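The chains carry the letters A, B, C and D, assigned in the order they are written, with residues numbered from 1 in each.
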Amino acid sequence: MQRIGVFVCWCGSNIAATVDVKKVAETLGKEPCVVYYENYQYMCSEEGQNKIINAIHEHKLSGIVICSCSPRMHEATFRRTAQKAGLNPYMVEIANIREQCSWIHKDMATATEKAIILGRAAIAKVHLNTPLQAGESPVVKRALVIGGGIAGIQTALDIADAGFEVDIVEKKPTIGGKMSQIDKTFPTLDCSACILTPKMVDVAQNEKIHIYSYSEVAAVKGFVGNFDVTIKRKARYVKEELCTGCGACTEKCPQKKVPNDFNLGLDNKHAIYIPFAQAVPKVATIDPDYCMMLKTGKCGVCSKVCAAGAIDYKQQDELVQQQYGAIVVATGYNPIDLKNYDEFAYSQSPDVVTSLEFERLTNAAGPTGGVLLRPSDRQHPHTIVFVQCVGSRESGEGCGKTYCSKICCMYTAKHAMLTREKYPDTEVYVFYIDVRTPGKNFDEFYRRAVEEYGVHYIKGMVGKVSPENGKLMVQASDLLDNKQLKIEADLVVLAAAIEPDPSARPLATMLTTQMDTNDFFTEAHPKLRPVESATAGIFLSGCCQGPKDIPETVSQASACAAKVIGLLAKDKLLGNPCVAESNELMCNGCSSCEKVCPYGAISYVDKEFKMPNRTIAVRRVANVNPAVCQGCGACTVACPSGAMDLKGFSNSQIMAEVDAICK
Amino acid sequence: MQEVIKQKAIELLSSGKADRVLGWKEGEFFYDITPAVFTDVKEIEEKFVYNAFCGPNFSKYLVAESRKDGKIAVFLKPCDTYSFQQLLKEHRILRDKVYAVGIPCDGMVDIEKIRQKKIKGITGVTEAGEVLQIDTIYGKKEVAKKDVLAERCENCKSKKHVVYDELIGEEGDVLDSHRFDLVEKIEAMSEEERFAFWQNELSRCIRCNACRNVCPACTCEKCVFDNPASGIDQKAAADSFEEKMFHIIRAFHVAGRCTDCGECSRVCPQNIPLHLLNRKFIKDINEFYGEYQAGADMETRAPLTDYQTDDCEPSVILTKGDQ
Amino acid sequence: MEQNNFKETVLRISGVNPKKCMRCGKCSGACPNYDEMEFHPHQFVSMVENGEIEKLMTSPSVYKCLTCFACVERCPRQVEPAKLIEAVRLCVIRQAGQNHLKPDQIPEMLDEDLPQQAIVSAFRKFTK
Amino acid sequence: MQVEKNFEPTVVAFCCNWCSYAGADLSGNNRIQYPANVKIIRIPCSCRLNPMFILRAFQRGADGVILCGCHPGDCHYTSGNYFARRRMTLLFSMLSFLGIEKERCRVEWVSAAEGAKFAATMNDFVATITRLGENKKLEDLRCKK
């Protein structure tokens, strides 16, 4: 039997002017199990709270009802008050007689009557309240960053800086990501490698950071604070700890016809390779699809020339098991495949390139040594056409993306500007639909391209590119001058839309995080929680969440790190005790609840039950992980047997409220 | 057909492929067929039947039977396979403990419909193709089988077996049925007419729970109506509301999981057309969220555990005219 | 046909929603007969949207369109300008004679040797 | 239907904690009036609303039940209101099929910023229920005092 205390607040005159607080208190005092009632001017004041504490002590109250303002206002206050008096904070219920009564009604009799009913409903509920303990779970003080691009690098560095261990899992042989392929960065035109590679070195030298390069996440279990991750380290056929990165093997390898993916296939590499000079870790990797030794067993040159004895043709994929408190997704982006854009002749002419390929063609470490040459005949191009929005901003019915890829306007301005600066004899045309330059110093940058560098910006989409006699005929309309242009170009550069990395979708499934229809990860709140996923403990960094440029990526990466540090700084996580709970005796194991859970908090176990006649039956039953459950209650309605209930908002509590109101 | 199935039952048992066989045998009356678990060949030879009264759907029995030691063989009519697969999908039946034999069905007969034809004192019914020969204490009579089919068989939705280990006879197809005709007719009534219709039907309910007990979707370890903690436990209907509440909640609990097997209406001693409530949900689900047949496969998400961001709003009910 | 309903008619016949156009001009960029035209594919879309159908109907541009559907194929937003042009052409035809040919005029035009199919197709053509 | 002169309907409003309950608070903050017939029950999310609760309310004498939740797409728990929408659509359709006045139940999406909409919705709903009159079809007579 509960011993309930009722406290009616006047809220100055806010409540008392329209509600007869004395009458409310007295009437509610007559309700069953109510052993104490009181009304006071400001229940939330220290004086008011002391009244509650004293009453709890004096009358041995087991539950209290406060008739006051909205629980969104002071529920937490009164819960703390109860706790101070030694009462479980979840034995407090609030009847909202201010926002939902005194403030919206004018007639005192009506408002008083309603206040009494609301009080009754709260009393009915508190009758059925049970003390709840917020579950505690320890936090593993280690973070996992998936993806070693600039987003992952920045997040890892910031987390490590706060003193926590970080592991980076990168699927390529080196970290660095897309930024390592870029030549210069807008709007300052500083060299990308010059600002990125020191960070990569920082990562390599940081004792708190461990890099799993050439590795992938294979499985994720667990929940916030306690993720259990399996990392697959792909066989690179080189012992990472022995390789000194001297490069002798890569020079001597006889297999030289391997398309160089770092240069986007614009040149070739050897079957054993180090992607680029500043790679981290600087370790060679053998491409098993091309290595003669691995394919036919005949060669072994690299093994012979390796002074460190690092080559191991028998290396196998290896699975590493590791615990983490937080996981950061930084899987980045890729330009879309342009196979469906044949009107731009991408597959017909090597001189039609994507912007990323153009970056490699202008990069000093690229296939042309930084001299801008056409891929087809290695001649200097004199007319270059840039086409914007290839595959972006489409209706979604075709093969393109509905969103704006955001970075193309700026990098195209950069390309155009750099080309004109280095090769003033080149005519540069940029065909645009809109030029979008929101960002610090961005529009100024674009205007400089037009005004100082004489780049021809033409509003209108290119309709057709056709290779003719070693040239590229570009047909486009100039919408502002209302004429059709035919430009004989030497090089056409397509600003391909960017899309999330294909590894993101299976990863989202493993992490039980949500994605939008474009496979970008969905943030917990588009405005207020932009770096967290809806799944606790999973954070988002960089382009996996949406198209971003480098400054934005880095600031999001640091924001993400701040959130991770905030989580890892805690020794224990205190959960929300109002979570779902499954009654094993009633559970059918039918999986209905699991399907509606947005957090993947429900799993199933086979459990033995003692049955009549000393028999034992094994049944599949649902198990809610209270650390993951957020307490929405979707499962409680999906459950046909009523085995699933929500603490703090149980079926019987809500029905008691219904009964009290409808009486 | 009875002999073929009987021989199969004997073969399964004697070859050791199954330790028990779930089949039909005669109950109190020849038309009152009940499910039975056979464990020896002799019993099968004597008692096993398969005829036009073998309505009972065995799927639900497998929830308990598949948890016992050894393997159980079961005979499933096309519509039974849907219930069977739905229960597999809900992890209620352990698949590897069951040997499922799909058997053909050309409709089950409703004894009440024969009686409605003023045929009294029935002592036996034999099938002769399209015609039923009926022995009565007043002599022999004949009726066309199609005239006395159970409602659910008149509106048979599928002759296809969706899951089995072995199939006797040929595979059938999913049929175009007129099963929603009556639902549509009720929808077309006025609100007051609908209320009167259901008041008349549901007020006959004696809360015997037969519909729940036979329903292959109602396999809860503990039914909410038997659970004092659920707040809706009732042993008997005290007034007209509780009948409605019972049937609404029951229909809602099986919505999206009901395969429309029609067992609820078959067993109702008061002849309440309970299947109409389930069909109403099925029809709504099909209209609002796209065609869905519970038990048709193992993969598709049940409509109530799924959503589309552009689903219709509940206010669609208001704009559906007077339904 | 009422004059002010032209836009509605064109939209109905073509099934095109010109509001989907983002003014990128790829249709005009792709058009092989651009130079012959007074109004270009992208202008067609905006003129239909602005209700300037009569201007289009009287322009020779309507007949310069080769109906190659390059614009339909290339449009990133599935606006389908060629279908609009075709609809404008149909408007011209419909307005020109309502029905060129009435059924009761047919008997007197009949010729013993005229194949049945020719009569039917002529009727279709002239009543368009 | 003959409407009694002083018929005061009982209306139960289930409001999700994150949007609609806050919307109701906002209408209070802005002193926008709506009838006292409406009594709000706070639930964490619209998907917490079991159809059983609605039937229970009617059984105990409620004349109208309304569910308010975050707008589709804005659910605090990302997908709760989508499930609620399907459940309520089917339930309401069934009640109508049984001949219950279909206006007695309603779902309305009210955000935390829509205090005025909350009040307007409640005004309209109470007016509708008053016009419909007492809920007789779904009431459990034993519970009537």
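Keep this in mind: contacts are C-beta pairs under 8 Å (C-beta built on N, C-alpha and C of every residue); 3 or more make two chains touch, one makes a residue touch a chain.
Fair warning: this is a prediction, and the values are worked out from it, not measured in the lab.
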Chain nearest the overall C-alpha centroid of the shown protein atoms: A
Between chain A and chain D, centroid-to-centroid distance (C-alpha), Å: 36
Centroid distance [mean C-alpha coordinates] between chain D and chain C, Å: 53
Gap in Å, rounded to a whole number, between the CA centres of chain C and chain A: 50
Shared interface positions of chain A, touching two or more other chains: 596, 638, 651, 655
Where chain B touches two or more other chains at once, by residue number: 231, 304-306
Shared-contact residues (touching 2 or more other chains) in chain C: none
Interchain contacts, given as pairs of chains that touch: A-B, A-C, A-D, B-D
Chain A - residues contacting chain D, complex: 70-73, 96, 98-101, 103-107, 110-111, 113-114, 117-118, 121, 514, 522, 534, 578, 596, 598, 630-634, 636-638, 646, 649, 651, 654-655, 657-659, 661-663
Contacting residues of chain A [partner chain C, same complex]: 343, 389, 393-395, 397-398, 400, 431, 433, 459-464, 475-479, 482, 484
Of all residues in chain B, those that touch chain D in their complex: 183, 186-187, 191-199, 231-232, 238-239, 241-242, 244-245, 248-249, 251-252, 255, 277, 280-281, 284-285, 288-289, 303-309, 311-318, 323
Complex contacts: residues of chain A adjacent to chain B: 585-592, 595-596, 604, 617-620, 638, 640-643, 651-652, 655
Chain B to chain A touching residues, read off their complex: 67, 90-92, 219-224, 227, 229-231, 253-254, 257, 301-302, 304-306
